[in-house]
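One chain, subunit A, appears in both complexes that follow, with subunit B as partner in the first and subunit C in the second.
After this line comes the complex of A and B, so read on.
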């Protein structure tokens, strides 16, 4: 659990400095959420991190489905019960800004 | 760990205007993204949102809409509204509808039919109101596939026990 403890999170559980993110952190946090990361998960995480760039702002779900080649159904299956925040947290990004 | 009951939000959509179609879709999508269960009940004119013939033809009328200002079109007219007398000119609703759709598209907001499909794929449950369906003689085949079934008001009460309810 040390991978998770070394990271600074804000009160809502989002990473404050996305540069602190590591793949080990992503795997550990996903595991905590009951998700074992597969290639399909990584494709989404990598897309989100690329999209966020330097701003650290996570893309919205629709930006993910239209940009990462994943359907809404698949996205909700890969990150069940709240993909918007889960994807952002596991990708080490801030809360998604935008409604769609 | 004890099993906590998941948060559940239910929307009652009773309007068929284009601008009144979006609130439940936007909030419902946000709720699903946050892991909240979503139920949508379509009643009265709200059924236009989920019928094949109507969904892509929802409109907004500038007549008697006090919020519809000329400044929305980028004119420096401050708080001047569109005079109702102009609103009754044929084509004004079509123009206002086209204008709103253009604004929505620019923001990346999907059309109503696509939004409904997204919500359905994300796990929202959607129902038609039995009384309205009987009154307007709507058939099962008239509905978009996102509608699970037609239910009574009492069924809706049963399936939303403990849920937060938003009437639109």
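After this line comes the complex of A and C, so read on.
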């Protein structure tokens, strides 16, 4: 758990500084969520980090499915129960937000 | 003769046409604006039609009324945009227009066909309605007039959507409407959203977070709709959660214009990749984007198009003089949220500053309370329709600054 201790998370478990993210962190957090990361997971995580760029904003499900070439169903299998939020958390990005 | 071409004569395109008509030398330039529809819709008014607060006649006027006489107006569908060749092809008479500058203001539209089962004939516009177009809003109004009650479910299919607070306003107005009709106890209202909550920004959710609960509106967050099962009358999410409905009010997938996709100028939802601070196309330097046609991460709303206006006009003029565009657009948005019972909440925010509480100092009208319910905010919204038709579209002076100000806000 030492990896997670070195990272600042907000009260909902999202990273406050996307630049602190490491692959070890992603694996540790995924494990905490009950997910063992495979290549298929990594393809999505890497896509999301690239897509978010400097803004740190989490991509939408449609951006992930069309950009990373997976179906929404597959995405839900890889990251069960709310993939948008889970992928954002594990990729060190902000919570998907509306304007209020 | 050089051509300044504007695609779309909605809020953004009309404002740009009016401004450029003042600025450009008509001996040297012709301004052309193209739209497929002769009617201008006051889209913020759609929200009030289901509840009989506005009639369809309140929200439509001819587009021509808002454009200056020196602008050429062409009513036609656009077949193709060819930005590499600086030209577009129209469906009408197969005409080609070459341009020197292009402003894209083709907006965003609902696509209910993106959700399987949603538009199946049995229930579409009978027990399932959108209110993001005039037809849906009007038919929903006719339905609600005689509805005896049941399970009302409001669903947002996916983000981003035009006017992201409109679904919340719909819920609050519905709660009020059913109270007034004396059937609130017979209506079960549920809000299903793909976002993690009704309010997702920390300050807004800490201040307004209880509003749904106080109004007895159920919330199902993280709900990503997979399909509508009209036979069972349920909406089903990708993780197999089912929410039953008697009346389904849908905010379908929002997408940019089809011609943007067809011309290879858009992202996966046909929104044009745009620099979020300069409003110049990421790819073509003589192409500029205003309003919800672009992919900038600001709210897709008329107020935002208005705040973009000065920036886009200044940057186009700079470009004409060979200067670099200035990164002046800050994502400023300003909206009245109707909360029912003749009250409203005002929010003001930008890319970096979330909606904050305080007072909004509007010269001549305000101050209006920020992030707090008040009667004045409701009347502000009602008054806005007049300002929209009479001042805003014509590019007149509005009592708002393009860039957000911290004056009156509490951090």
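The working rule: the second predicted complex is superposed on the first by the 96 of 100 C-alpha atoms of A that agree within 3 Å, B and C clash if a C-alpha of one lies under 4 Å from a C-alpha of the other, contacts with A are read in each partner's own complex, and residues count from 1 in each chain.
We adopt the following convention: a contact is a pair of C-beta atoms (placed from the backbone, for glycine too) under 8 Å apart; a residue touches a chain by one contact, two chains touch by 3 or more.
Computed from a predicted model, the values in this text were never measured in an experiment.
A.B. asks: Could you look at A:55 and tell me whether it touches subunit B, subunit C, both or neither (first, second, both, neither)?
C.D. replies: Second partner only.
A.B. asks: If you stack the two complexes on chain A, which partner ends up touching A:84: first (subunit B), second (subunit C), both, or neither?
C.D. replies: both
A.B. asks: Considering only touches as defined above, state whether A:67 meets subunit B (first), subunit C (second), both or neither.
C.D. replies: In the superposition, A:67 contacts subunit C only.
A.B. asks: Look at A:97 in the shared chain and tell me whether it touches subunit B only, subunit C only, both, or neither; answer first, second, both or neither.
C.D. replies: In the superposition, A:97 contacts subunit C only.
A.B. asks: Applying the document's definition of touching, compare subunit B and subunit C: which contacts more of subunit A?
C.D. replies: Residues of subunit A touched, subunit B against subunit C: more for C.
A.B. asks: Return the residues of subunit A at which the contacts from subunit B and from subunit C coincide.
C.D. replies: Touching subunit B in the first complex and subunit C in the second, residues 61-63, 72-73, 76, 80-82, 84-85, 96, 99-100 of subunit A appear in both lists.
A.B. asks: Going by the contact rule at the top, pick out the subunit C residues touching subunit A in the complex.
C.D. replies: Subunit C reaches subunit A through residues 158-160, 164-165, 168, 194-196, 199-201, 204-205, 208, 222, 224, 226, 238-239, 267-269, 297, 299, 333, 337, 347, 349, 355.
A.B. asks: Note which residues of subunit B are touching subunit A in the complex, please.
C.D. replies: Residues in contact with subunit A: 6, 26, 29-30, 32-36, 107-110, 117-118, 121-123.
A.B. asks: So in the complex, the part of subunit A that touches subunit C is made up of which residues?
C.D. replies: Where subunit A meets subunit C, its residues are 55, 57, 60-63, 66-67, 72-73, 75-76, 80-82, 84-85, 95-100.
A.B. asks: Where on subunit A is subunit B touching in the complex?
C.D. replies: Those in contact with subunit B are residues 61-63, 65, 71-73, 76, 80-86, 96, 99-100.
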